[in-house]
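What follows is a pair of complexes built around subunit A, which joins subunit B in one and subunit C in the other.
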Partner chain A sequence: MPILSRMLYYDIKRRVKDGFFIGYNLIFPLVMIFLLGYLTSESYGTEFTGYHYYTVVMLPFCVAMAMITAAYAGKEDAYRKTALRLLFSPVTKAQIVLAKLLSCTIVISLCNIMVLSSASLIIRLPIWGAFFPVILLLTIETFATCAIGLFIGLGMKNFIIVKNILNIPICAGGILAGSFYPIGTLNPKLNTVLHLSPLTWINKSIFLYVFDHAPSLLWKTAGICLAVGIIFTGLAVKFFKREEYSHGDLPGFDQ
Partner chain B sequence: MGTCQVLINNLKRSWNHKGLLIITFILPVVLCLILGLIPFGKASWRIGILVPEGAEAAGEREALYKNLAQLEGIKYEEASPKTLHTDLITGKYHMVVDFRHEDEKKPFAIITYRNEAKKLALEESILKGVRSKEEGLSLTERAMAFLQTLFIIFSTIHASALIRDKQNGTLTRYRFAKKNQAGYHLGFFIYTFIITHFQLLLSLVSLSIFEKGFSLTLMEALVIPLLMTLNAAVIALLICLSSNSEVSANVTSSSLAAIMSLLGGTFISIEAMPPLLRLLSALSPNRWIVELLRVI
Partner chain C sequence: MGSLLEVKALTKAYDGKQVVRGINFSVQEGEILGYIGPNGAGKSTTIKMIIDVEKKDNGEIFYCGEKIGNIMKVYKKAIGVVPQEIAIYEDISAYDNVKFFCSLYGHKGDDLKERVKEALEFTGLWEHRKGLPAKFSGGMKRRLNIACSIAHSPKLLFMDEPTAGIDPQSRKHIMESIKILNARGTTIVYVSHYMEEIEALCNRIIIMDHGEIIEDMEKSQLKLKFEKLGCKNLEDIFLRLTGTALRDGEE
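Right after this comes the complex of A and B.
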């Protein structure tokens, strides 16, 4: 436990010092919320505005994009030449994975709290009664996406293929979930396609909780995300590749 | 000579990653086919109807549905009061017509989060049977704008090998060979251009075959893909030259492509944007492509 907490401390320090990581999880969502809110300001009325809509849908999308940063976080010890030291020290694979996973989850969740609370204050999103459940869902989503990202970064041989195309399915999932523009349909087939995106379920569950006071989908979605996160954490530990972790930086290693 | 070497080496490198090459060829087509299913901004209203419960209401409901069926461009179904606000927010319904509290003056109330002008337009549609039209992009225009967005991301994936080369010292070795760094960058640009253009052409051919309603004239097919590739390759190279790591290049390209796509009217029509953003949309290559399609 002291080893894990020490590693967690160092990993959190790395995350906090990483300007890109913080910028992407803190500034990017705010910029997108205000840009898209302004973009659609003429389409909405006064009671519910585009700013309200994008505050709810942009955070789950940005959390999903954190999968990419988590995948790269798996490789950072190789790039910083600290991987071999850790492998020679009495540290288990599980501790390495957990330290990275928890550090990403904690820092991204803190960013989410700051974005949601500041955006809610500025645009007066009526979320205060549902603030903690929504943050809980986002934290669990962060945990699940970081677990998947770490599984890709630490456990997959063809990392180069996956990491390069990872943002495409995430963006496609975001489009289907209405992260850029609300996509509604009465066509059952298209409705099924839209519900293939996990982000659709997450967005829907938040809207249901906040605006229709229907909490059941949010808890179910959170439960499923938690299960996915636990499964992928287990997979990341089981398929942890020492070579990937320690030599992922070498020229030609992943080419 | 150096530029040619860089180009050939990158083509070889790309050929060695057949998995990535195949996926980047297939993904845009699949995504465009899915996008073709989505009716962005089509001239139709999706209406949810809230009716009173009970046997008496059933007859009233039938009469209402008969009236609505006569109106062109209106799709409707019974709405659930339990998910009413979520359905409106997520765009399942543009508006909900509430017949539960009818009075003599007005048989229904309209519930919507849209602006007042749209609310009035729908009210008129229902009362007079007039179809309201919303301006939007055609399927071809939307697919081309979407492909532009996608290929900015894909071009960055190809060009990001430049960042790896910088980190691995390949670029330094190249410079020690008394060759100009600009030649190296030019080699990368040509490589990105060639591979992106080939992928784009294949996507366009696939879309012409599989997507009903997607068509380009010969002139459009010759000029526009070239300009799209040029846009994508230039943006990708600029992103890669200004990024320190592949992760920042990949994430920046996705973010930039999303913003350009939104500003360019891929999802929200330019006419519906605030005046300032309407001006800013001129910066988006997606808008140039759409405007060009209309001009040619």
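Right after this comes the complex of A and C.
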């Protein structure tokens, strides 16, 4: 346990200093919310504004994008050659995986809290009664996406390929969930398609909780995310291969 | 003094190509063993298998008479490795690098601080402890690479070309440090392409080529053996044994 907490501490420290990491998870969602909210401000009323809409849909989408960040975090030690040091020192593969997973989850969740608090302050998102449950759902979603990202990242040598592969389903899921443009439909077939995206369920849970005070879907969604996260954490530890972990070059990566 | 480490019939192939071909050797407690061979001979691969980073295809490795697989935790705490490629975090201070890697061995509190300080002083980096390695010169990075590997006081230290690409000043400093470490009781396996280093440091020399050990002898004996054949120094012996052909990505 003390070794894991040491690893976690330094991983968090390095993640907080990582401009890309903070850019993707703090700056990007804020910019998107304000940009899209501003561009669409005329299509909404005064009670429920475009800013409100995009705060709710952008955060889960950015958390899904964190899958790529986590995959990178999983490969980073290979590129820095420090993977070798972790492998020959007396640490277990579970410690290596958990340190990465928890550091990503914690730092991204802190970013989410900052984005959600600034959004609720600046654009008066009526979140106060729902702040804690929404953050909890986002944190659990972060845990799940990071676990999936790590599982994939740790198993593949080339991060660029991982990134290109992951980009497609994440963006498709985002489009279906209305992350970029609201999609509402009465067509039952299309509706079924929209609900194929996990992000649709997460967005819906938050909308229902915040605006309709209907909490049950949020708890169900959180439970499913938690289960997915735990399963992928187990898989990431089980399929951790020392060779895959230490090998890999990132074109253009120079220490 | 007995064998600290024993390697038996170790083999490794990458994509069907035999890189290490059933080698046997041992490391005696207290010695500095020179491990040399041309580029691509399989030196780093051998070490990576011994330190449990790379899977071996076949063979056994014994530490103090026990299979390392049975005493992995004890074994890992007892060894230290200076990797051929510099393995440090460039975005945290030199001090934090040493502290982090040393803490993985279970050291904490004042003991940890004391060890970090000693390792940094030992490698001449104490004044630069707050600096980011990203801004360090090549020689400083190499020395930090060493500091990160010795702070936990390993009994058996593997050094894979620890002086590659550095100036004579840093090299001299590292040479002196290795002698001190050894005098304090650290057994060292030293891989290098610099024959002067091997001459100056090692008691015994293993020469590897094409994945096989072609010579394993006390330094003095080795020199005696090849003196008759007109070899004046270790470099002559090395070239005589391994030939003068270039080793560029050969099969």
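Throughout what follows, the second predicted complex is superposed on the first by the 242 of 255 C-alpha atoms of A that agree within 3 Å, B and C clash if a C-alpha of one lies under 4 Å from a C-alpha of the other, contacts with A are read in each partner's own complex, and residues count from 1 in each chain.
Keep this in mind: contacts are C-beta pairs under 8 Å (C-beta built on N, C-alpha and C of every residue); 3 or more make two chains touch, one makes a residue touch a chain.
Bear in mind the structure is a predicted one, so any value in this text is a computation, not a measurement.
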item: Joint occupancy of subunit A by subunit B and subunit C, clash or fit; value: fit
item: First (subunit B), second (subunit C), both or neither touched by A:84; value: second
item: Contact breadth on subunit A, by residue count: subunit C or subunit B; value: B
item: First, second, both or neither for A:186, with subunit B first and subunit C second; value: first
item: First, second, both or neither for A:40, with subunit B first and subunit C second; value: first
item: First (subunit B), second (subunit C), both or neither touched by A:14; value: second
item: Angular separation of subunit B and subunit C about subunit A, which is computed from CA centres of the superposed model and rounded to the nearest 10 °; value: 120
item: Three-chain overlay, closest Cα atoms of subunit B and subunit C, distance in Å; value: 14
item: Contact residues of subunit A, present in both the subunit B and the subunit C interface; value: 255
item: Residue ranges of subunit C touching subunit A (in the complex, touch as defined); value: 48, 51-55, 72-73, 76-77, 79, 81, 83, 85-92, 96, 100-101, 103-106, 108, 134, 148
item: In the complex, subunit A residues that touch subunit B; value: 20, 24, 28, 32, 35-36, 38-45, 47-48, 53, 65, 68-69, 72, 158, 160-161, 163-168, 170-172, 175-176, 178, 180-187, 189-190, 193, 203-204, 207-208, 211-212, 214, 251, 255
item: Complex contacts: residues of subunit B adjacent to subunit A; value: 13, 16-17, 19-20, 23-24, 27, 31, 34-35, 37-40, 46, 75-77, 82-87, 89-94, 112-116, 118-119, 150, 153-154, 157, 160, 164, 168-170, 245-248, 250-251, 253-255, 257-259, 261-263, 267-268, 272-274, 276-277
item: Residue ranges of subunit A touching subunit C (in the complex, touch as defined); value: 2-3, 6-7, 10, 13-14, 17-18, 80-91, 242-243, 246, 255
